[in-house]
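In what comes next, subunit A is part of two complexes: it sits with subunit B in the first one and with subunit C in the second one.
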Partner chain A sequence: MKKKLNSSTIRRFITIGLVIALTALFSLLSSNFLSMYNLSELFRNAAYLGLIACGLSVVMVGGGIDLSVGGIVCATGIICVHLSDIGLSGYMVLILGIITGGAFGLLNGFIVTKLKLTEFVTTLASGFLFFGLGLVFAYRDDHGTLMAHSIKSNTYLSLGQPLLPGGFYLISLVWVVLAIILWVVMHKTELGLYTFAIGSDEKSARMSGVNVAKIKVIGFIMSGAFSGLAAVFVTAYERTASTSLGNMREFLAIAACVVGGVVLGGGKGDAVSAFLGALFLAMLDNGLRKFGMDSYVVYMIQGSLILVAIAFDSQFAKISYRRRVKEQRLSAQTLTS
Partner chain B sequence: MKEKILSSLTGVWAFRVLILLIVCVFMGISEPRFLTIGNIVNIISYISVYGIMACGMLFAVLIGGLDLSIGRVAALSGTIACIVARVGGFSATWCLIGIACAIVAGILIGYFHGFLIVKLAIPSFVVTLATSYVIYGAITLLSGGSRVDFVRGSLMDTISNARIVEFTLSSGKPFVIQMNVVIFIVFAVICWYVLSKTTFGRRIYAIGGNTTAAQFVGINVFRNSCAAYAISSGAACIGGLILMSSTSYAAQTLGAGYEGMVLMALIVGGINLAGGKGTISGAIFGALLVGIIANICTLVDFLNLEYLKFFQGLIILIVCIISVILETRSRRGKGRKAKQIAEMQAQDE
Partner chain C sequence: MSKEKRKSLDIKVEGPMKEEGVLLTCKGIDKSFSGVQVLFGADFEMNYGEVHALMGENGAGKSTLIKIVTGVYHKDAGQLYIDEESVEISNPIEARAHGIAVIYQELSLVPDLTVMENIYLGQELKKYGFVEKNRMRERTLDLIKKYELDLNPDATVEVLSMAQRQMVEVLKALSTNAKLIIMDEPTSSLSAAESEHLFRTIESLKKKGTGIIYVTHRLEEVYRIADRLTVMRNGEVVGTLTKAEINPRTVTTMMIGHEIKTEYDVQRTFNDDFVLEVKDLRYGDLLKGVSFTAKGGEILGIGGLVGSGRTELLHCIYGAKKPSGGRILLNGKPVSRSVIKNINNGFGLVPEDRRREGFNPLQTVEKNIAIASHDVIANALGLVYAKKERDWAEKAIEDYDIRPKNRKMIVDNMSGGNQQKVILGRWLIREPRVLILDEPTVGVDVGVRAELYRFMRQLTESGSIIIMVSSDLFELVQVSDRILVMHDGVFFEEFPREKATQAAVLMAASGEHTEEGVPLV
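Here is the complex of A and B:
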């Protein structure tokens, strides 16, 4: 019997098709789009967004939302620069950055599961809190005005240097590897299975004995830790941590997840969806800027894209639901006859 | 009668007044500049924009939605008003046309939000977050990325800075109430009337309380929700015009971050984000508290105004946690009471 494609596979193909189409379009229109330099820059930008989006996808698949990822990037980045100033090596800072981000995620998870606030309110407020924390920790001169402070630790800076002479950054490699690992975790382990279960129907998951609170907290910790990781690499590349770090990242990360096929409300999509979505958005940004489009046009396109993607997904879900109902009716008819 | 007095003492208003009193007494002792009449007028003038936006966003929150685009809509309205009025050289008629254009644009944006949220069933915060980026792009497209100044002394100046009441106090200091405070009070009274005295207001509460039930009762959910989002955006426009008038120019950064402040005001004011619960007085109280906190941050030397964001997050979280705890406790209390009554009835039988 011919196996029919299920809706998530179709959605995955649509995303891959979009990425390929955009690559083809930009490489035809611009000669240096596929140059080594541009690709490495593209993958660095995509990795910054993609790492956050991959972590966020765990929360979103579980039916939640995390609007605090931008704030986590800001606070963790500034804390990391402080840590390296104390004299810690870059690798220590990397580990501590992940832990700091994870701790912020743990705070979100604690408030959501123990204090029973909704995910949206919690992470919106804690996002303000983390951005505020960044401002509190930011480097200031004697008059209290913000000042630039560059990183001195060489090992820390080496995290942001290209790996190859042509330019290929560590963050891109880490992103690809982690996206694959996260895909395996989501599809081959109990943790992933439970996350999908909670995202599809939290009540029945709880009834079936899934420890919903634990899985949710793990999701938030992952989201925070990935944001912390991204913050370490970005501060290393930019050689400083400004307070505008992570600004708007929560919006772009949600956009990446949604465009890639992670459905708002949970149960569909995975880290690879987030990966593809981030790649698509970064490519769009890169290509449009190449044609001299200003950043505000890019904002407008990104904003419209998120709406189009969600509207598409809701219509797509309707169609695939109708198809499933029709099939079930057909099989029921054949059974009765 | 005794119960009535007792309930009013322990009620919501007593709680609010208590909080305000504690903050004011504490601040008055530690910072003598805080309790001067000039500063209090300052605070009220400062919260007029927040207050108007909070009253408008209350409509969106009451039907169970959110409007995170109000900051950008405010910037857009200021920009549109200035650009349109510039065509006619900031004469009074052209200023009025500009203001009208800005408010119409805001209402259209609100209807667009309503369409996406209700018809396409997209969560409201995603819609408004996404449109706020589109609007940000649109503002930059309109203004070319630079600020748009208006001519001093034109009608645009009057929106915020006209002095309505002005006299000198016995201490020799001037006492001034500006136009923005008057607009704020008028708008709040209109919103209060609409919410508590009209059928439209009842419908808004009904939709927020239970959308399905409201639909079965025969309420046109789509039309009324659209109107609620339109009021939210329209209020943001009025707030944006006042903001533009008081800063004397329009720019894309004008209302940045206001959605967070207004949200904080609503949450502090006891408005349930799940919808269906909340009053105008709560929204105004919230705006007042936000204004006082911002004022404290500017008055006290060791606090930087930039730290406001930190407090913003902290306060939203703490207030939400307290309200959730109180709600579960009262629910448990109600359950216990019901159980007791049931037991007593069983004993009687």
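Here is the complex of A and C:
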């Protein structure tokens, strides 16, 4: 039997095509778009967004949503700076940052599965909670005013330094590697299959013996841990943890997932979708700013693109459905003849 | 899942071994629900490699018997035997362990996963934590080849037809070594060609020794595939017929039993000046050119099996669905395709699924009644006065005896009968010219039914038309002035009131012409 391209593969090609098209466009319009320095910056920004988006994609593929990732980045970032202040090395901070983020995710998962609250409301609320927690630990001067506090640990700061003389940051490398690992996890392990199953049809998955609660909790832990990891890298690069850390990141991360082909409601997309989506948005941001566009124009273009992506996916689903009905008719005809 | 179970999957993938003899025996099964006995000493027996059909009207006890076999319910008395050994099945997992699998009407597949991923969902083959897709694919292919199915293990389920999805369900059952597969009305969502596909799968299973209990309402399918047929009625097994003994007259008589018909003495007059005409109406594959004329003062009953296109016909007339062809005329003028315009022109619909389409369960009686009449009770600016709404609702509550007599009652908390009175009352208070009823008395107790029939009669006496779809043969025969029976997307036979019997209507619905009816095809 001939292997047919399924809709996910087609969608993947479309995203890749978009990234390539945007690369071509910007490199034609600007001579230094493909410069070492710019690419390095682009990939650093993309990785910051992309790490969060990759973690989030696990929850979204499972049919959920995590609006608390911005709050997790903020709280974890500030906690990490404190951890380094008490003398822990950068590597310890890195591990503890992942654990802290994961713990926040666990809390989300616990509330969603045990108290049976919806993902949207739970993570909307917990996002505020985590953000507030970050503010509690934020550095203040004697008058209680927020102040910048520089990271002193050299190993910590080294996480934010370029790997090569010309650029390229560790966060970009980690992002690429983790996105690949997460793709393998989503497609080659039980955890991944179950996540797709739940996102596609939770009731059927439960009837087939899938432990829905467990898979959902793991998804939230992944989302939190990836956000925690992103927080460590971004604080290391910025040499401090400000309270605006992670602000609005949840929406950008959702946007990255959606543009990349993770369907709101679940069942479609994966970490590579989130990867490509984040790359696309970061590239757009980078390129538009290069032409001196104001940030509000960038926002408007990003917003429009997200709408286009959602509209496209809903149309795309309809087209796939029609294709299916057509095939069904054909096979029915061959049956009767 | 336990290690042992996974191991057993590794050893036996070819499905059940061909075995001979008796597979399942049920002896003297009794079952009551809160004091009401629904099964009376039911006996049932089936062999390996047999397709055993199970028929009976709604409420005959088929589902209860099936659910006892699959461990969903617990029997009060009687004994189950598998391979002639007495067994206790106390939950669905034990039923699975005994090799019993059920394929429900609502399929339990995950649309975004592939065929093999669905088959192995919850029981994946794994090595070092990775899912072994290659081994799963091989085994799925083995199963597909063995049962000669037309499936691609890597196809995503969402691109499969309903018939193919059912095959996946069957494979899922076979992958756990099921020797008895129970199919509960498997063709209700299939087209004719797809059903044929399913029948071939069943033939193939049969050859390999799998036993199949086939629950259905369709007599023609029983001829086509069943080796034996057991008929149930009112919680009792009426009898088991062998293939040679199965004929429409015997089966329908067994299903209906002794018929009591109240004599019809009232002479009805129909109004020729008010007619609803449907001409060659088509809707997808479901309606293949349906025509009829209903006259003022008439209750037109529409019979046929569930899924025969009856609901779609009603929705097309009401304007809720867009027909793919044909005309609907009221007094010679085309009926609008807008529900709102039709309501304003005197149409009303009491839908089959009253919770989802009929009322707003969390709203009060008052709001539910007033919602369809804002054209009357709102002022020119579109504002609704609470007092008018209240008067409107109180009139309906009084006229149609809605209980409790409390307009602020939340409809969700009322009995099924009174909920139905609310929906019926919503329309009746508007004195509709064409009232469309889809299964008007499902979940309504006998006392309230009589009242509903009386309200319907009152409406037609004022010259309105009622079109009523019902699966309740007794109701159809008792209430309708004329009955049209649908089969395979067209009206198959017509019964004038005095000739209609339940058995005849049932036969016509199964695609068998009767002496009583007037053939339309």
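Operating definition for what follows: the second predicted complex is superposed on the first by the 334 of 337 C-alpha atoms of A that agree within 3 Å, B and C clash if a C-alpha of one lies under 4 Å from a C-alpha of the other, contacts with A are read in each partner's own complex, and residues count from 1 in each chain.
Note that in this section a contact is a pair of C-beta atoms (placed from the backbone, for glycine too) under 8 Å apart; a residue touches a chain by one contact, two chains touch by 3 or more.
In this text the structure is predicted, and so the values were computed from the model without any measurement.
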State whether A:I20 touches subunit B only (first), subunit C only (second), both chains, or neither.
neither
Query - Which of subunit B and subunit C A:T122 touches, first, second, both or neither - result: first
Practice prompt. Considering only touches as defined above, state whether A:M147 meets subunit B (first), subunit C (second), both or neither.
Written response: neither
For this session: Would you check which partner chain A:G209 touches, where first means subunit B only, second means subunit C only, and both and neither mean what they say?
Result: second
Quick one: classify A:L34 as touching subunit B (first), subunit C (second), both or neither. neither
Next item on the list: Figure out whether A:S200 sits in contact with subunit B (first) or subunit C (second), or with both, or with neither.
Entry: second
- After superposition on the shared chain, which partner residues are touched by A:I180: those of subunit B (first), subunit C (second), both, or neither? neither
The subunit A residues in contact with subunit C across the complex are 1, 3-4, 6-8, 188-190, 193-194, 196-197, 199-201, 203-205, 207-210, 267-268, 320, 323-324, 327-328, 331-333, 335-336
Subunit C residues touching subunit A in their complex are 1, 107-113, 117-118, 121-124, 126, 129-131, 133, 150, 152, 154-156, 158-161, 164, 191, 193-194, 196-197
The subunit B residues in contact with subunit A across the complex are 116, 120-123, 125-127, 129-134, 136-141, 145, 260, 263, 267, 273-274, 304, 306-314, 316-317, 320-321, 324-325, 328
Given the complex, residues on subunit A that touch subunit B span 111, 115-118, 120-122, 124-133, 135-136, 144, 251, 254-255, 258, 264-265, 294, 296-300, 302-304, 306-307, 310-311, 314
